[in-house]
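Next come two complexes built around chain A: one with chain B, the other with chain C.
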Partner chain A sequence: MRNITRVVLLVLLASMLVGAFGISGAQEAKVLYVANIGQDDIPHLDPGLAEDVASIQILEATYVGLTTLNEVTVTVEPGIATEWSVSDDGLVYTFSLMQNVPWVVYNTDSGAVEEVKDADGNVRYVTANDFVYGIKRTLDPNTAGPYAYVLAPWIVGGAEYNGGSGSADDVAVAALDDYTLQITAPKATPFLANIYGMWMALAQPQWVIDEMGDAWADEGTFQSYGPYALKEWAHDESLTLIKNPFWPGTDYVGQAKIDEIVFLLLEQSAKLAEYEAGNLDFMDDLPTADLDRIRVEYPNEFTVSPSSCSYGYGFNTEKEPVNDARVRRALSMAIDRQAITDNILKAGQIPAGFYMLPNLTAAPSQEDYPDLAIKYDPEAAKAELQAYLDEKGISVDELPPITYMTNETDLHKSIIEAIQNMWRETLGVEVQITFQEFGVFLDTRKNDAPQIFRYGWCYDYPDAHNFSGELFRSDSTQNDPNWVNPEYDALVDQALTENDPDVRRELYAQAEYLLVNQDAAMAPIYYYVETQLTKPNVERTLSVIGRERFEKWDIK
Partner chain B sequence: MYQFFVRRILWMGLVMVMVSIITFLLMHQVPGGPFDREKALPERIQKNLEKKYHLDDPLLKQYLDYMYYAFIPRVTTGEWKPLPENDHLINLKLPIGDNAYIRWMNFGPSIKSASRTVNDIFRDNFPVSAKLGGAAVAIACLIGMPLGTLAAIRKNTIFDYLGMGIAVLGVSLPIVTLGPLLRYIVGVELGLLPPTGWGTLEQMIMPSFTLGFASSALIARLTRASLLQVLDEDYIRTARAKGLREQLVITRHAMKNAMIPVVTVLGPLIAALITGTFVTEIVFGIPGMGKYFVTSIGGRDYPVIMGTILIYAFFLVFANFIVDIVYAWLDPRIRLS
Partner chain C sequence: MTTSEQAQKPTLVGVPELAQDMHHTNKLWVDAWKRLIRNRAAVVGLVIVILSVLIAIFAPYIAPNDYREQVLTNNNSAPRWVIDLFPNMKAKDEEGGWVTVSEDYILGADNLGRDLLSRIIYGSRVSLSVAFVGPMVSLAVGLILGLVSGYAGGRVDNLIMRLVDIMYAFPTILLVILLMAYFRATFNASDQGTFAYRLNQIDSRFGGMLFIFIGIGLTSWMNTARLARGQVLSIRQREYIEAATSVGASDFTIIFRHILPNILGPIVVAETLTIPTYISFEAFLSFIGLGVNPPTPSWGSMIADGAGAISSYPHQAIFPSMALFLIMFAFNFLGDGLRDALDPHMSRT
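Take a look at the complex of A and B:
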C-alpha cells in the first residue's frame, strides 16, 4: 500500500515537472545571432554623436524618430509622431507625439527592462521637451556632434548655434505642450520630414546625460524607448539587444517579435566561419573570394539587394591634363563598367551612368535618361582625346603624367588595375597608381588631390539633394574635384525648393548630366549592393537602406 | 643590490618619458587627424570636435596636459561625477575630509568611442590579451624547450630532424595562414571547437595554440643551439668525468646555462604577447587590446595611440628588468650591480 502511494506521488511529481518544463519550453526566448555591424567596436550609442552605420543600426532598433524610413520602399512613415502638419509656406512643421511611451533601461540586477522613474517615483514618458533637448544638444558646439551639419541648416538658428555665433534660445524648435513639437525651417524643401526623423534629431534623456556626460551611452545606463533596449555590450566582442515590452508598437514600428538579438563583432571571414558552423543566423558583407562558392552552396540563403552607396573616380579639375573636360570625358568613357561589375565585383553590382543612386527621391535613372548618363564608348573616348591632343599639338606619349590615388584595399586595387588596363588599351594613356594609408589619403584628397582619385558616397537621407547639393555644389566641403559650374549650382538650388517630384527629377537629371557627362568632373563607376546570408527559418524584410529593421524580423 | 634597483627604476622612468615624447611627436607629424572621414566633415564641425578634445591647444600644452593627467596623482574632494574625463585607473579614498580621494592615471578619452576611455580599454581588453598571451607563452615553452633539448642531445638523429622540421614549419607558417586554416578545419569542417569567440576554455585552445606555435619554433631553435654550445664546455666535461649520469649532466649543469639566450628572448616576447596580438585577435574574434595598436593609428585616435604604446613600453622595460634578475640566478658569475 505504502509503495503504491509512493508510486502515485512520484508519477504526480513527474507529471508536474514535465508540465512545468513543457510550459517553459513553449515560452523559450527567441534569440537571433547576427553579424552586420563590422568588426570593430561600435563607436557611439549616443544620438548626438553617432555617425556610422553600426551605431545608427543600434540606435534605430532602440529609438524611434519623429518619422521613420521604410526600409523597402524608401519612403517616410510616421514614427513616434503619429501625424504632423506643415504650414502653407512649408516652413513650420508641427508633430503630434504618441503618449505614454516610457523611457526604459535594462536593469542588470533584476535582468529585466524597466521603466525609468524620476526622483519622485513617477514614470518618465517621452515628451516633446525630450526632443527639444535632444535637438539642441546635437547642435550644441560643445557636444561636437559630427552629424550636426546635416541637421543645422534645416532649423532656424541651428547653423548659427552650431557654428558658435548663435545661442540655444534662438534655435526654432519648441514644445507647444508635452506631446506637440514644432520645428521651423529657414527654407522649404520636400525632404524636411525626412531630416527631422533622423537619429541626430531623436529625443535624448537629459537627466542621465547631465549626470554622466558622454559616458551614459553604455551598458547599464543606456536609456531608450524603441522596440529594443540595450541589454549587454561586451566591447569589441558583442552587443545584445532585448525586447522592450513597454514600446506599445504602431502600424509602422511594431513591437519586437524576437526577444533578443546578439550582434557579434567579427571580421569578414571570421563571421563566414561562424555562419557556416551554424552559430549565426544572419550576416552581411560577404567576402568576394567566397561569392561563387556561396552561390552554389547556399542558394536559398544568399541575397543581393541595393545598398545606399555609390563608387566612382574624381578628377582634380585644376591639374593638367585633366583640367580639360575632353580628357576627363575620354577617361570616363573608356571605363567598361559592365566588365568591372561582372569580373571583379561579381555580386551583381550595377554599372553607374550617374553618380547618384537611382532609388533616391527625385533621382533620375540611366534607363530614363540614357542620353544624359555617361557610358562606355571607346570610339567616342578616342575622339575626345584626339581632339585635345590635336589642339595642343602633342602626341599621346607627350601627355602630362597622370596619377591615380587611393587607399590600399583589395577592392580598390583590383578595380584600378583593370581600369588602368582599359585606359592603356583604349586610349594609349599610361596612368600611374599610388597608394596611401587611409588617413593620409583623405588628407591628400582634400588638400592636394592628384589628377584622379577614388571617391565614394553613401546617402544620409534618401533624397537627390544629399547626392548633389551637399556634394558638388561649388561651395561644398566634399567638392574634391574643385569643380565650379554656376549652371550646376543654379539647377540644384532650384531643385531644392521645387515641390513637384517630376520637375525635380528633370532638374537633377540635367545637373547630373553636367557633372558626369558634359564637364565630367567625376566618373561614376558602380552602385554598391548588400550581399547577405540569412538562415531559412528567419523571416525578414529585404532592406535597401543599408540598415535592418529588426523589429519586423521573426524566427519561425 | 639596492642601488641596482633604484638605478634601474629611474632608467625605466626615463625610457617611458622618451617613448612618450617620440610617440607624441610622431603621431602628430603624420598627415591626417581623428576627424578625417571618407565623407569630409565641414570645417565648423571639425573645429567643435578639436575644441572638445583640446586638439586646438599648442602641441606642447597638449603633451604636458597629457603627462600631467596620466602620471601626476591628484587629490579631489566633493562630488565626483562619472564623466569620461574623470576616469582614473587608481582611486584611493583618503581618511581626511568629505569624499577625498587620491586619483591617479587618467589616460584620456577614446576619440573614436565617446562613451569609453583609454582606461576602459586597459580594464576590459588588457586582461583578455594578457590571458591569451600568457597561455601562448606557456604553450611556446612547453613545445619549444623539450623539442630543442631533444634535438640537441640527440643531435643528427631522427629526433633532431623531426624537431627542427616542426620548428621550420612554425617559423614559416605565419599566424595569418595558420589561424584561418585551423579555424576552418577544426572549427567549421570538424566542428570540434568554436571557430571564434572568447571566454570558455574551448574558445581559448585554438588562438593560444596558433599564437604559441609560432613562438615555440623560435624557442626550440634557440634552446638547441645554446644547449649544443654549452655541452661543449669544460665544466660539462668535468661533470661527465666525475661519473655523473648523462641525465643529471643535462638537467643540473647544462640546462641552466643554456637558458640564458632563451630567457633573453622570452622577456620581450612575453611583453609583446600579453599586450595583444592583432592578427590572432581579428582571426578568432577576441576582444583583446592588440587591434587597438593598429586601429588607433589608422583612426589617428591620439589618446589610444599614446596609451597602447606606453603600456607596451612599460611591459617591455619591466620584462627586461626581470630578465636581468633571472640572469643572475641562472649564472652566478653575473652580478646585479
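Take a look at the complex of A and C:
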C-alpha cells in the first residue's frame, strides 16, 4: 500500500513539474474576457441572417467587408477591397479585392485554425465570386434575411429579386475576374460605399452552406477569413474567438494582437459583479443605478463615448387623443429632457431636439437649427393642450385615456415614471404605463400601437437617410406612428439623391422639423452614450459606432 | 371507543351544540379572546397589524410627502444616519464616496428623488388590501362551494371536488403569472365601451390592484373549499342537524344558520394563516412587474427597483423589505395565535 501511495505521489509531482515547465516554456496566450453582447444567445452567426448587435459584433471580428467603418472617426475605409473606383455618374462601383486571403475554420480536434481546402486539396481563397454569392444569398427571398431590405434598393435588380418578382441573374453584382467585383446601383447616393461594406454584403462560403444549410454557422463548421475565427460557442453561455494567423492584415484591419477573446453572455448587474470580482476585462452597458459609484471607484477604467442610438417616444397618430398634433406637441414640450439626462441617466447623454443623431452624415444639429428642434417649454405645452381642449369643449380629466407602452427594464421604467410625473404636473394629463416582453412589444407597436410607445433606433450606416427615409417615410415598415406627411416624403426623397452635403443637411433639418415639431409624430428624448469599464492593462480604441474592433486591442 | 370520546370532548367545551344560546356562543369567543391575549407573540402580531392598518388608512396624514412627488435632483440621496448604517455606502463628501447627503427624507430617496418613507407608508395600502381582500374572495368562492359540496354530497360534491383537484394540479404561482399577464395584455388593448375596457378603467383607478385581487382570488379558493367541505361532512351527521331537518328547516337555513357558524372557527384560522401567502403573492407579482401600475408604490415593486441598485444604494431595497418582513411576521404570529385560541385541542401541541 505504502508503495502505491509513493508511486502516485511521484507521478503527481512529476506531472506538476512538467506542467510548470510547460507553462513557463511557452509564451503565455493573451486571453481577453469581455461582456458586451448582452445576455441572450446570439441568434444567427450568418451574414445573411444577422440583424442584432451581438451577431454583428462577432461577424465584424471574424469577417472583413469590402469597406469598413472606422470606429473612431466614423469614416469609410478600405476593407478586403484595397481600393475601388466609382463611375462618373456615381452608379457603378468596381472593387479590387486583396489576394491570397484564405478561408479558415477552427479544427476542434487539432485545436488550431486551419485553411479551408477544396476537394482537390487546394486552399480556398476569398474571391469576388464569394461576394457575388453572398450578396445574392442575402437578397434571396428564400433566405428571408432581415437586413436584405437595406441592401436591396441599392443594387440594380435587388429590390425585385428580394421582393420575389425578379430573378437572381438580373441582380447587378458581378465578378469581372477572381479579384474584381462590380456592383451597379439604380441611383447615386453618397453612402453607397458604406452600404456595400455592411455585414449582409459579406462574402459567404457557398460550399459549406450548400452542404449544411443554415446550420453551418456554428462551432466547428463556421468558416471566415477575418482577424478572428470562431473557436467555441457554448450556447446561452459564452463564445470564444481565436486569432486567425492567416489573415495577412492591412493598414486598416490589422492582424489580431490578442490570442483569444471570450465573450460571456451575462445580465447587466451580473457582469458588473464579475467585473468587480476581476473576472472580466471589459464590459459595456453599465447599470445606471451604479454609475455614481463606478465613477468614483474606477475613475481610470470608466469611459463614456457617443453611441449610435437615439431614444424617443412615438405617438400613434391614429388614436385619440394623440391623433391631434397639438396634443402630441404639448406632451413632447412638457418633457424636461435635461432633467432626465442629468438626474436619471447621469452618463452625459445629450437631450435630443431632433430624433436624428447629430453625428450622422448630413444630419442637422439642434444647435444649428434651434428654431426647428423641439424643446422643453411648459408654458407653450399648456397653451397647445388648452387650445385642443377648448375646441373639443372638454376638461383635461375628460381626455380619452392615454396608454404608454415599453418593454420593461429599470431604465425605461425610471424614464417613463419621471415623464409621467412631468405630464401630470405640467399638463394634468394622467398616462397609464404598461409593459410587454420585448418581442411582443415590437409586434404590438407594429400592429396596434398604443397612444405612446418607446421608440429607439441605432443606425446601420452613418447617414441621415437611415434615420429618416428608412423610418418615417409614409411607406416604411418602421413607421410605427402611422404618420403620413407627403411633404416629409418629398423632402427625404430629394435629400437622398442630393450630393451637396450642406443642401442635404438643410433638407433633413426641414424634414426633422415636420417630424418632431410641426406634426410631432415623435418626441425625441436623448442621444445614447456608451458606458464601459475596461481594465487598465488593456489597450483599446474608443469606438463610437456601438461595436468594438477587437483586432486593434492589446493586453499589456 | 377512545376516538369517539376524544371527538366528543371538544364538542362539549368548544362547539356550541345549541347555537341559539347566545350566552354559550359569547362565552366561546370570550374564551378564545382570553387565550389569544395570553399568547405574547400573537399580541405583538396583533398590535403590528392594527398599527399598519391605521397607517394605511391615515397614510395621507402620516406620510411626510406625496408618494408621487419627484425632486429629480435629490435622486438616490440618503440622510447621514442611513449612510452610517450601511457599511458599503459612502457619502459624497468623504474620500471616494458617491451618495448625495440630504436630510430632507427620513429614510432617503429613490432613483427619481421620491421619499422612500412616504412610499413605504402608501405601499402598506396595497399589501393590506391584498391581506384583507384576498381572504374575502377566497372565502366568498371557497366557502360557498365547500358548503354546497359537503352538504349536497353525491354528484354535485364529486363535480366540485374534481374541479378543485384540477385547479390544484396547476402550480399556483405559474397560474397567477399567466392570469396577470393575460389580463394586462388583453384588457389594456380592449376597445372603448366593452366590459373588459370598463374593468381596465377600474383597475387603473386602483393603481392595478383589481387584477391582483382577481388573480389571487381565482387561484386561492380551493383550500377553503376543501376545508369547508370536510368540516361540513364532520358535523352533517350530528344530532342537531338531524333535529333541524326533522322539524322541516330548509337546506338554506340548515347551511347558514346551523352549519356555517359551527365551522367558521377553523376556516377563519386557516384563512388568517394564508394571509402572508397573499401578501407575498402580491409582492412577488409586483416584483416581476405584473403587479401594481407605476407610480403606485407596492413593497414588491419598491424592492425590485431597489434590488437593481443594491450595491450602490442598499437602503432602497432594504427598507421596503423590512416593512414586508415585519407585516408577514405579524400576520404569521397572529394566525398562529388565532389557531391556538380557536382550536383548543391543538393549543398544547
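Some points to look at:
One rule holds in what follows: the second predicted complex is superposed on the first by the 527 of 556 C-alpha atoms of A that agree within 3 Å, B and C clash if a C-alpha of one lies under 4 Å from a C-alpha of the other, contacts with A are read in each partner's own complex, and residues count from 1 in each chain.
Rule of thumb we're sticking to: contacts are C-beta pairs under 8 Å (C-beta built on N, C-alpha and C of every residue); 3 or more make two chains touch, one makes a residue touch a chain.
Bear in mind the structure is a predicted one, so any value in this text is a computation, not a measurement.
Once the two complexes are overlaid through chain A, chain B and chain C fit side by side, free of any clash as defined at the top of the document. Legend: residue contacts after superposition of the two complexes on their common chain; A:Tyr149 is shown touching chain B, with no touch to chain C.
Between the Cα centres of chain B and chain C, as seen from that of chain A, there is an angle of 40°, stated in steps of 10.
In the superposition on chain A, A:Ser269 makes contact with both chain B and chain C. Using the contact criterion defined above for the overlaid structures, shared-chain residue A:Pro43 touches chain B, although it does not reach chain C.
In the superposition on chain A, A:Lys187 makes contact with neither chain B nor chain C.
For chain A, the partner touching the most residues, choosing from chain B and chain C, is B. Shared-chain residue A:Arg295: touches chain C; no touch with chain B. Looking at the shared chain after the overlay, A:Asp443 reaches chain B, while chain C stays out of its contact range. Measuring only between alpha carbons, the smallest separation of chain B from chain C in this overlay is 9 Å.
Across the superposed pair, chain B and chain C both touch chain A at residues 269, 273, 440, 444. Contact residues of chain C toward chain A in the complex are 68, 70, 72-73, 75-76, 96-99, 111-113, 184-185, 188-189, 192, 201, 204, 289, 293-295, 305, 308-309, 311-313. The part of chain A that touches chain B in the complex is made up of residues 39-46, 49, 51, 141-146, 148-149, 162-164, 211-218, 234-237, 264-267, 269-270, 273-274, 276-277, 279, 437-440, 442-444, 446, 456-458, 477-478, 480. Chain contact summary for the complex, chain A toward chain C: residues 269, 272-273, 287-290, 292-293, 295-297, 339-340, 342-344, 400-401, 403, 408, 410, 413-414, 416-418, 420-421, 424, 432-436, 440, 444, 448, 450. Contact residues of chain B toward chain A in the complex are 30-33, 35-45, 47-49, 51-52, 81-85, 87, 109, 112-116, 120, 124-125, 180, 183-184, 187-188, 191, 194-198, 282-288, 291, 295, 298-300.
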